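Each structure below is given as structure tokens.
Two complexes are shown next, each including subunit A; its partner changes from subunit B in the first to subunit C in the second.
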Partner chain A sequence: MADKNMPMREALRMALREEMIRDERVFVMGEEVGAWQGTHRVTRGFLDEFGEKRVRDTPISEMAIAGAAVGAAMAGLRPVAEIMTINFAFLSLDAIINHAAKIHYMFNGQFRVPMVIRAASGWGDQATATHSHTPEPIFAHFPGLYVGCPSTPRDAKGMLKAAIRDDNPVLFTESIAMYSKPGLVPEEDDFVLPIGKADIKREGRHVTLVAYARGVEWSLQAAEQLAKEGIECEVVDMRWLRPLDMPTVFESFKKTNRCVVVEESLPYYSFGSEVAAQLQEHMFDYMDAPVKRVSAMDVPLPYAREIELMALPNAQKVVDAVKEVI
Partner chain B sequence: MAEIDKPTLLEWYRQMFLIRQFENQCDVLYKEKKITGVYMHLYSGLEATGVGAVAALRPSDHVITAYRDHGIALARGMTPESAMAEMMGKRTGCSGGKGGSMHLASREHNFWGGYAIVGGHLPLAAGIALESRYNGKDDVVLSFVGDGASNNGYFHEALNLSAVWDLPVVWLIENNGYGMGTPVEVSSGQPELHKRAVAYGMKDMGRVDGQNVVDVYNVVSKAVEYARKKGPVLIESLTYRYKGHGVSDRSYDKMAELRDWQQKDPILVLQDYLCKHYECVEDELKDIEREQMAAVFKAVEFAEDSEVPTYEDLISHIYVEE
Partner chain C sequence: MATKIFARPSARLKAEHLLEMFWLMLLSRRVDERAWALHRQGKIAFHISGMGHEGAQVGAAFAINRGVDYVHPYYRDLALVLALGITPTDFMMSLFGKKDEYSSKARQMPSHFGSKKLNIVSGSSPVATQVPQAAGLAFAIKYKQQAGLVNPDDSTQPRLALTCLGEGSTSQGEWHEGMNWAGVHQLPFICLVENNLYAISVPQEGQMAVSNVADRAAAYGVKGIWVDGNDVLAVYDAVYEAAQRAYRGEGPTLVEAKTYRVVPHSSDDDDRSYRSREEVEEWKKKDPILRFEKYLMDEGILTPERLDEYETRARAEVDRAQHAAEAAPYPAETDALDEVYAD
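Here is the complex of A and B:
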């Protein structure tokens, strides 16, 4: 089968649909996933195809959506719960962190929690302070949970399928800005990408750019621009914030001796902080320059377009950071 | 009281006495620092509610509760050894010494655990009930709910979800009068907590005398049958806890109130009933009491002799590995 060009939302839809066909235990639940066809259209057509039993509209009850998914997973189902946007997952934090992530450990392996929480994440659409979050690192802080953040339609398909098939709870974020962006996606229904494996999206020898989700796009754009000036960037797409594939980063760093971390998230206690800390702990002898971080600005997001864009990372900010470490 | 046969009543007596002894012993061991940690919430005084409600279930039904979980675990059939070893943080405990007093669970008994975030287990109960419906089974979930939990968002969201999805859950509020130290009347606009059912369009089975195991059994049996065939039910059991909220908390200064409740102690209530209905039952009760005291001492010995967890235990079961 040839790869097919499609936007990320269609790749996610394909993954979810294939897994629902493959495994009767897989079902979706969340706000507007059924009759409304999904806020982001990822579950478009599902209600007609799979019926009310497996495509479950819920009340606006984020605590109960996440918590009921935990219970259903413990009992043997494989829920894929949609939290409309990650901003609302703050209401589900207890169910995700205290229950989904802890139950397997706390009861010494008596229960498994094979569930996925999907949530749209990101900012940049004048969505304002409460609706402009990329808090993936918060979730990745806690052992017991996996956190997946795809950057391409292809990865979205392979990673979501892996998340659904895994016996551990997975928080899966989908960058809002990328839902409509197209890419080539394998049509095979056994296309599954391993959990916790990073991917080199571009090879280079001068500097390693470590990124996830939308940060990968900015990194690739920056690499393109820098290549014209003779600077070759290696772009490592982490794909998963937990497990975090640091060995792949270390291998790249041994070659480049320089690193810029690119993230859509905020800079304090962040993905960038973690990568930088691990590099100085384990790669100090290979280090030719301080690790730079390109993050969102440390401000709540405002409404006005002009100042909102100031706060966001972009390719140019990545270019500038690379030039500081070269 | 409906007709319950003598062996059943004696079995309930056994369970209630076991729970009381177990909790008394936990209290002693805590003071001796053989049980450590900051959290332990004793079930003393609530035995009739736990034993009567669990007795209304089949083995394939499910039970879930909050952190005051020792009594529920024992009523559901967990051995005192397994529970006591968990209290002492031993490898042989039901949760391998990693859960502690508030996180007893036994998969083989369909006892899904004690949960320590107030209300946190309520949506889990809904999810477990969903599996039953999803797979065309008729098993129900009995979810204990503290009176305090009835005021947080989990209660609202989980009960509402169970109603809109017609889930087979019996929500049983153990109203022991206080959420930690705050009286129900101070924390609930509607202190008759069962009336919350109306807000969710859910079957309201009213209040039951939580000191009377037969009454609890009868009401919960009806509720279980309703949930099996139709959907969720809410019941409120009026009971009382003899100890403070937790062992590390101050006991409230309510001696007169405590004495009133002890007049209708659940174990005494059942004892009176048995003695009125059956001749010469006193000796049988004494035998049961002796046996259960011995069982608890044996459990303590077992726990004390058990190994503590190792580094391998510390790092196991963070994720499902295979």
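Here is the complex of A and C:
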């Protein structure tokens, strides 16, 4: 089968649909997943195809969505729970962090929690401070969870299928800004990408750009611009914040000796902090410049368009950071 | 309004079952007392007690399919889990944090009971979080039955989810969301509220503006029942009726068992700061074990000789459990690193 061009929301839909056909224990639940076809249309047509039993519209009840998913997973189902946006997952933190992530350990492996929580992440159009978070690193802080954040439609399909098939709980975020962006996606049912494997999205020898989700897009745009000036960037798409594929970063860094981390999220205690810390710890002898971070500014995201954009990363900020380490 | 119940399915319980219920209540009390002593001796780090709740817990346990139906208990449910099949040695191993501790290899706190074999799910220390999860367990039961993955009449499979909590936990949002979920989906779900009148130090009137937690059930489309939680047979009757409704697919039930915690909240607090000794002494007179003992004696089912025999046996079991746990090895440092993820 040839690859097919489609937006990320369709790639996610394809992955979810294939897994629901493949395994009757897989079901979706969440706010607006059924009759309304999904807030971001990822579950479009599912209610008609799979029926109410497997496509559950829920009350506005994030604690119960995540908590009931934990219970259903322990009882042998494979729930894919949609939290409308990751911001609302703050209401479900106990179920995700204290239970989904820890039950296997606290029970010495007696119960497994094969569940996926899908949530849209990132800033939209002036959705402001409580509605525009990219808090993936908060979740990646906790052992017991996997955290996946695709940057392309192709990865979205392969990663979501891996998440659903895995016996561990997975927090899976989908960048709002990427839902409509197209890309080539394999149509094969068995296209599954391994959990915890990073991907080199562009090869280069002068500087390593380490990013995830939307940061990959800015990194690729910056790399394109810098290439015209003779600076060749290698773009490492981490794909998963946990497990974090640092060996792939180390291999790239041994070649370039320079690194800029690009993240949509906030700078303190961040993805960038973790990557920079591990590089100085393990790659000090290869290091020719300080590791730079391009993050959102350290403020709650404002409403007015101009200052909202100012507070966020972009390709130009990546270009500027690269020039500081070259 | 919540209703009192009048049917007495407990009238059909045989003498041997009644004696087993009494034995488990007594055993739980003696294990619990030993745990307090071990804490006061500095041998264990922490104990949270179920003393006073034994009637509510054993009554509930005997009313479901013990060891098969899902139970998502809370930290006060020692008598409940002993009735489901956890042993005094299991519990002592968890108090001491020993390597081969049954629920978690000593990774989870004591009294956070968990056994896959017995379908007991381990809870977290933040209260009421078990309620949405238990609703999820019940959801899975109904899902699997409807999908034809299990036979609804197969009593070797879990056919309901029972979760327990104190009345203090019903102030949490999780309780509301879990109850609502169970109601919306009309799940095979029982919420047993062991109302002991205090959320640590805050009395019931400081927690809610209604007299009965069970009155709230109507708001969720859930049947609500309240009973005297110190009457083991009354709790049995209420939970039995709730279980039969669940098995028949008639939906969820909230059973409120009104009881009293005759000891502090945990080994870390002193209840003299928030309630009088007179109040506690009054409640000790209503002790569920003494009450059941009197009933069984009056009925000629229990004799003084048999009671002595039970006490001797309980002491021996508790001694044996304590010694076995003390003699068992602690975890190795590397044991902390296992089982973070499923393979």
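Brief remarks on what is shown
Everything that follows uses one rule, which is that the second predicted complex is superposed on the first by the 325 of 326 C-alpha atoms of A that agree within 3 Å, B and C clash if a C-alpha of one lies under 4 Å from a C-alpha of the other, contacts with A are read in each partner's own complex, and residues count from 1 in each chain.
Following the convention adopted for this analysis, a residue touches a chain if its C-beta (ideal position, glycine included) is under 8 Å from a C-beta of that chain, and two chains touch if they have at least 3 such contacts.
Nothing here was measured: the structure is a model prediction, and the numbers come from that model.
Look at subunit A after the overlay: subunit B and subunit C clash there.
When the two structures are aligned on the shared chain, A:144 is found in touch with subunit B and with subunit C. Looking at the shared chain after the overlay, A:72 reaches both subunit B and subunit C. Using the contact criterion defined above for the overlaid structures, shared-chain residue A:53 touches subunit B and also reaches subunit C. Of the two partner chains placed by the overlay, subunit B and subunit C both lie in contact with A:111. By the touch criterion defined above, A:95 lies against subunit B and subunit C together after alignment on the C-alpha atoms of chain A. Of the two partner chains placed around the shared chain by superposition, subunit B and subunit C are both touched by A:27.
Residues 27, 53, 58-59, 61, 63-64, 66-77, 79, 94-95, 98-99, 103-112, 114, 143-144, 146, 166-168 of subunit A are contacted both by subunit B in one complex and by subunit C in the other.
Those residues of subunit A that touch subunit C in the shared complex are 24-25, 27, 53, 58-59, 61, 63-64, 66-77, 79, 94-95, 98-99, 102-112, 114, 143-144, 146, 166-168. Against subunit A, the residues of subunit C that register as touching in their complex are 70, 72, 103-105, 107-108, 112, 114-117, 121-122, 124, 126, 129, 131-141, 143-144, 146-147, 149, 158, 161, 173-174, 177-178, 180-181, 184, 338-343.
Touching subunit A in their complex are the following residues of subunit B: 62, 94-99, 103, 105-107, 112-113, 115, 117, 120, 122-132, 134-135, 153-154, 157-158, 160-161, 164-165, 313, 316-320. For subunit A in complex with subunit B, the touching residues are 27, 53, 56, 58-59, 61, 63-77, 79, 94-95, 98-99, 103-112, 114, 143-144, 146, 166-168.
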